[in-house]
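You will see subunit A twice below: alongside subunit B first, and alongside subunit C after that.
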Partner chain A sequence: MTLEKSQIVTHIQKSLTFTAYDVKWVPHSARFVVLGQHSRGTGALHVYELDGQDVKLLSETEKEHAIKCGTFAASSLHDRHLATGDFEGRLSVWDLERTQTPVYTVRAHDQIINCIDGCGGVGVQTGPPEIVTGSRDGTVKIWDVRVKDKPVAKIGPAKGEAARDTWAVSFGNSYNDEERWIAAGYENGDVKLFDLRAMALRWETNLKNGICAIEFDRKDIRANKMVVTTLESSFHVFDLRTQHPKNGFASTVEKAHDNTTVWTVKHLPQNRDIFMTSGGNGTLNLYKYNYPSPRTRKDADNKHDEGVPGTVELINNAKVAEQPVAAFDWNPDKQGLCAFASFDQSVRVGIVTRLGQY
Partner chain B sequence: MASNIALQVRQNAEEYNSFLSDLKSWEKDIKAKDKAAKETPAKSVALPPVRGGGTLSSSGPTPAETSNEKESPKPKIKAYDYSAWDKFDVDKALEEIETRPASSSNGPDASIAGGGMAGAVEDPAEALEKSLIEKEKGNAHFKKGDYKKAVICYTKSMRHDPNNTVVPVNRAMAYLKLGKYEEAEADCTLGLTLDKKNVKALWRRGIARKELGKLAEAGKGAYVRFQDHMHVAILTEKSDLEQASVLEPSNKAVKEELQKVYAAARPKDDAKTTTINTTPTDSKTTPAASKPVRRRLNIEVVGTPKSRLSEIPPVSATPTTRMVESPSPPQPSPSTRQQQLTHAAANAAKTRSLADAKPAESSPKPAPAPSIAPSAGVKKSSSQLSISFERSGASRPVPKAMYEFERDWKSMRGNDEAIYEYMKNIHPAEYSRILKNSLESHYVSKMITILQSFYLRDENYDDVYEILLNLSRVQRFDMVIMFLSKAEKAGLADIIGRLRAVDSSQARFMMDDVNRLSELYRL
Partner chain C sequence: MLSTKDLSNVRQFMGDQIAAGLETEPIGDYDVSHLDYSYVATCNDVKELSLLLSVLRSGKEGIYPELEDAIERRMDEVDPRRDRKMKPADARHPVSDAQLVDEFKVMAFTRVSANSNRRVNVQILRLFPTQQLSADLKQKDSSLRTTPRTTQPKPSTTPPTSKILLQTEELPSPQLVIPNTATVPKPIELTTTKTKKQVDATRIMKPKPLISTDIKPPTNATSEEIDYLAENEKRKGNEAFRSEDYEEAIQYYTRSLHLHPTPNLYTNLSLTHLKLSQYLLSEQAASEALSFPSPILTPNLEYKAYHRRAVARSKRGKYVEAKGDCEMALRVWAELGEAERRAVVTLMEECGRKCAELGGGVGEGKKEREEKERKRILIEEVDGEKEDEEGEEEKKQEKEGVADRVKEVQSPASNKGRIQIMEVEDDEDEDDD
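Let's look at the complex of A and B:
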């Protein structure tokens, strides 16, 4: 049995002169960007390229404010513009060939942008190219770079309601030009699903634990499932196929990473049922989701359909760093190639073998 | 057990190594692809429109309350519901029915498109080439005043490429000069089937009809349907000149001609020869008889065509196929507005690219057609439909959007030589599309400096004129001009003075054009 297991191997390690918060592969390339904060509080945007047994630094840019997060997902394959959110609440879009001045920039939030996601760009050919940002100010805003200075949609707390720090946002269900959902996770454990077409809250729940990361298994298909990771050592997998009017979506919960924070989750681009989580103890966990059979059943009153939770199987794990692994990204083009950054001021390129067998 | 572990370790190592060698070849591959991707020029992709926008409280209503809100189709009025039928607006319903098929049959007939190609099958590119050559010859003859030869050349050109709007309209001008008004009218009509909004064609047909004594038709009290603001731009039943003046309100020549037509047409109206009005003879006192005049005022007051076009919402989600400078025949059917506009733009582009192919017109000539294109382009740009004027040898690529222009401009701060090179790469007609509503006085002021110190140095008078003219068409231009400093005004005056001094036979613009320009810039 063990012989067929996928192995998680650190291939290259590169020390950084700053703390990395996010790492992203440039689509259709062997390059990746590392975003973070210098010790003097300024922002770092480094571009590296795989070079045999090493990675070489292609460009480094220092920005006024520390950069928290970034995404390529709202940019076309031709442009490959990187959208970033920084500590001052500024959303900027960069052409990696000219990082001196952004191609688009806006003071998106009053406070730090914690999370960012894109849709309608590389790989996802449906719907307008949009960027979503979540901030400490409690709002989630959707941006279209064709519109200057103001968001195309804004989701915020109602008047009189306490603003909750938004920690995670993710696009999904964008299977045609109109449909699109956003999942948002908050520090108090709230998870909310917003339907952008109807501009309505579709579903919400509370997981009693700060939400660190959310990801739909795919952005460009009818909502199938999503993984939500929490501050204290567990993650939930929601089956989004069937929504019960009262019970919502079925989910399964899994303990992971030895009682440390589950920092991030990323689905394998080549197989949506396989995903990697990274933990506060410096480990990477590779999971496979097994669908139940059947996926839906009648509820107790025999009136409505409800989803049946599936099971999660740990394929393998590996300790890759002494410090929390805060960011992880699969290479979208090469199966098994990944990059991850940890708080020990280094970025690593990893290899996961035998992923084709699942 | 131990051997098992050893085997596992060995296998894992093997697995890892094979992955590495695989990775190596992939790396090489992807780097080549990456490089290629960086170098390929941008394709303009029709993107879905920008989201309508909205705010939502994060504890907003759940879909249970909001769903089932789908718009229901208009309810059918039941036969026995007399009160409902009383309220039924038959005219409106008819109009609706009328406009629907009209929008799908706007394209030119196939017979027109294919009519000129007598027998021989030509390579389309070659045919296009020949067509352009003949057109150039025709223009040359026209300039010399040899209108008969010009007509022959234009005819040949049309045979090679029946889809070019410019040629029939040029031939119409030649016919006008020859006094053959019927032919001229027919040519303009042909030009208009190819491009509904060709100002020159409308203008020339108006003249031809006026000459033909078809005054009633030329100045016919327009039956304007303000169905709703969205479609004001499509004034189907308007007479030519009025339409031309709507398309280009600034065009004085058209206006003057229109005034003449009105002056001539009014007595006829009084005599009640050919009017579509059903009003009694006592026209001076009845409001209906004075309608033409009042309606005309309506048209001019309601707004400039630019503002009208601006009201057209981006046609939702349908990614239309765009024809950019393509010689293929215009799509016969679902010619949505977008397509028409792009087509107009494409034609405009053709006109531009063959800059001196424009025959020299007598009397003040109408401003070149492209003004339609950019203003339309501005509005469409929300869905990023753009026409790229690619020019080779550009050190910096031509900006496709404001952000690129802004970025490039910033990065060239203090390097005037670079800005000059950059400006040379931008087609003047593109400015209003690129700048949209972001024209700032510092751009204008810099441009004035560049024009003064480089363009004039290189004696690029035509370009200077084109740039100044096109800048004046950018949104917010009037505002910016108001805030120019004295020094900048002086610079402008200097440039215009130089343009005045240019021998107009050498240039593509006339004295009158320069005078108009100086008015535009409030000098």
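Let's look at the complex of A and C:
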């Protein structure tokens, strides 16, 4: 067993003519998509391809409105359609070969779509392909590309309640055709877990700081754990296996990135216990989660089971930019290959070495 | 999935709830021993069933939502035309109007069915050193784009290795590896807009729904796509194993086996069974691994299979065979590390000692003789091999003092099986003195 740590290496750096808000690898290929906003306010959708020691621009499209986020996760492996949310609240699904007109489009929200996630595509066997969008208008809507104009489900505040910006959404617990959860994070620090099968709120908590990113460690297994990152340089890891009737899920908190925002969290597709967080100070932190030896124990009253939080170990970190790294994505095929974009109008391709030892 | 029927139930519930208030029926005389799955399954008296149901709902005997469901289902079977009263608000959790209006109201529409035809082409990915980083990703990508959208279904959809599974004599099919799925009741569909508190409480107490092992590859899937899905399931199994969720790991490995059996999966499965002390299943999985032909079964895997089978066999008392497996393990892999070699040698020596102790000149351990005796008594009713496993499991549970109900739930399906186990246990007692 090697004793050398994994290293985070920037392989290629490419300057852009626009501000990038999201980066996503096209599944089963050497291409990635960069989404963002030109200085004149229009949207940018660029497709790059790895080419030896450089990246080559394959196609560039300009859209009417700036694009905030995108995902491939709801489309099949053959189609590989990209679902995007833009600043005007429009959800569109694109075929990258023909970006003039979208395959599907709908005015999802009346304000900016802050976050998007997909489930049920790309070789995953369980459940219908769905897209979830979270918007500044405080609602979370679930869409199916096969259903025109209307969301499959909508989750919003009750009448009279103040609407809180939704900043992060994520699918999880999709281990068979019926079960599926959505975790949503809001700007006031609320984290809510919705069960889509029961159509009910399963759990909620408040982490005091706005939630920047949420991710389940894997979408297609029984919910195992979830990482939630917040504004004030901290992130929480929740153990979702055991829910206590009063205390909810057990969690562990970590401080990171030097008092700056923790912008994203992404789990390694090949190992659900390793994840990378990106920070407002331009750094990337690589963590490993260690499970505690009994994962459950009896609570203080000795009546119910409660989870035991594990420990998070920092494997390595690297400063890769001078500006916040706002987007990060692991390549689903090559272990360790990643792409990330920062606010200095550049996108980088990185390699994390020696991940096979964990 | 929320159907229109569920939606109408929701509206109905909301209406009824406010009108009915808290309804409690007086509870008459009942027999506590009737609060049992097997009794319920054979009971024909609707009145008694509804009495038992109200007992359970009142929470006097404890909270058993799955038993409540079993009773309801039985009532439906016995009298399909009965008046289906919506469950009144639980006496345990009185609910007011204000609580019903949760902070987040959910407006639901019907969810589209999950069965969509997927026609997909996937190239299997192989890991290369960094020089070829982009090269093989591009190759994968281009093949995906050039192959036509619809593919002919492959002429032989069963991969060739599955034939081996059918030929081995005594080994059961992979489905038998999970004996528990039959008796665990199906999870309840929550159709009411319960408040958060209610949702939390009832969902926690329900049994966790098991992962389905009936995985079917999508229609028109190529063998590469099946391999990709199988690899994904195996990876999930490995991750579950690492976090010590052994039952879950078994289910993922079994799913992967249904898609594409490989010796590696069987050795992983064998080790997982060892961790759960399921020694017969572990031995069977290891034997399956060894049944693969030589190029697929690498020496490394062969060594693992022999070693694990040796451990499983020694735990079951088959010391002579375990010793034989140890010898094979030491021989098949040239690059066997020092620490592993020593472990195998230690095991082999211990097996040798046990053999000598138990007068194994003829090559029979105590367990072998017991098995033969058991077989003599019970041979007409059930297959001997399976019988042995049940005896083993039951004996262990008896020793650990597990509650009766749990034992019933965990034993493999039929009534017939259970009756035999009683007899075997008697045998064991006789031998022990």
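The working rule: the second predicted complex is superposed on the first by the 354 of 358 C-alpha atoms of A that agree within 3 Å, B and C clash if a C-alpha of one lies under 4 Å from a C-alpha of the other, contacts with A are read in each partner's own complex, and residues count from 1 in each chain.
In the analysis below, a residue touches a chain if its C-beta (ideal position, glycine included) is under 8 Å from a C-beta of that chain, and two chains touch if they have at least 3 such contacts.
Since the structure is predicted, the reported quantities are computational estimates derived from the model, not experimental observations.
Following the overlay on subunit A, a clash is recorded for the pair subunit B and subunit C.
Contacts of A:98 after superposition: subunit B is touched, whereas subunit C is not reached. In the superposed model, A:7 lies in contact with subunit B only, and not with subunit C. After overlaying the two complexes on the shared chain, residue contacts for A:179 are found with subunit C alone; subunit B is out of touch. In the overlay built on the shared chain, the residue A:131 is in contact with neither subunit B nor subunit C. In the superposition on chain A, A:333 makes contact with both subunit B and subunit C. With both structures placed on the common chain, the touch criterion links A:108 to neither subunit B nor subunit C.
In the superposition on chain A, A:218 makes contact with subunit C only, not with subunit B.
In the overlay built on the shared chain, the residue A:354 is in contact with subunit B alone; subunit C does not reach it.
Legend: residue contacts after superposition of the two complexes on their common chain; A:237 is shown touching neither subunit B nor subunit C.
For the superposition on chain A, the stretches of subunit C under consideration are 7-15, 25-33, 97-105 or 277-285; the one running into subunit B is 97-105. Common to the subunit B-facing and subunit C-facing surfaces of subunit A are residues 26, 28-31, 49-52, 76-78, 80, 120, 126-129, 144, 146-147, 151-158, 161, 177-178, 192, 194-196, 198-204, 245, 333-334, 337, 351.
Here subunit C touches subunit A in the complex through residues 1-2, 101-114, 116, 118-123, 125, 127, 130, 133-134, 137-138, 140-141, 144, 149, 189-190, 193-194, 196, 199-201, 203-204, 208-209, 211-212, 215, 218, 225, 228-229, 232, 235-236, 239-240, 242-244, 248, 252, going by the rule given at the top. Across the interface of their complex, subunit C is touched by residues 26, 28-31, 49-52, 76-78, 80, 120, 123-129, 144, 146-147, 150-158, 161, 175-179, 192, 194-204, 218, 220-222, 224, 243-245, 270-273, 291, 295, 304, 331, 333-335, 337, 351 of subunit A. Residues 7-8, 11-12, 15-16, 19-20, 23-24, 26-27, 30-31, 33-34, 37-38, 40, 42-43, 45, 47-67, 69, 317, 381-382, 384, 403-404, 407, 410-411 of subunit B are the ones touching subunit A in the complex. Residues 2-3, 7, 9, 11, 26, 28-31, 49-52, 76-80, 97-98, 100-101, 103-104, 120, 126-130, 138, 140, 142, 144-147, 151-158, 161, 177-178, 184, 192, 194-196, 198-204, 245, 333-334, 336-337, 351, 353-354 of subunit A touch subunit B in their complex.
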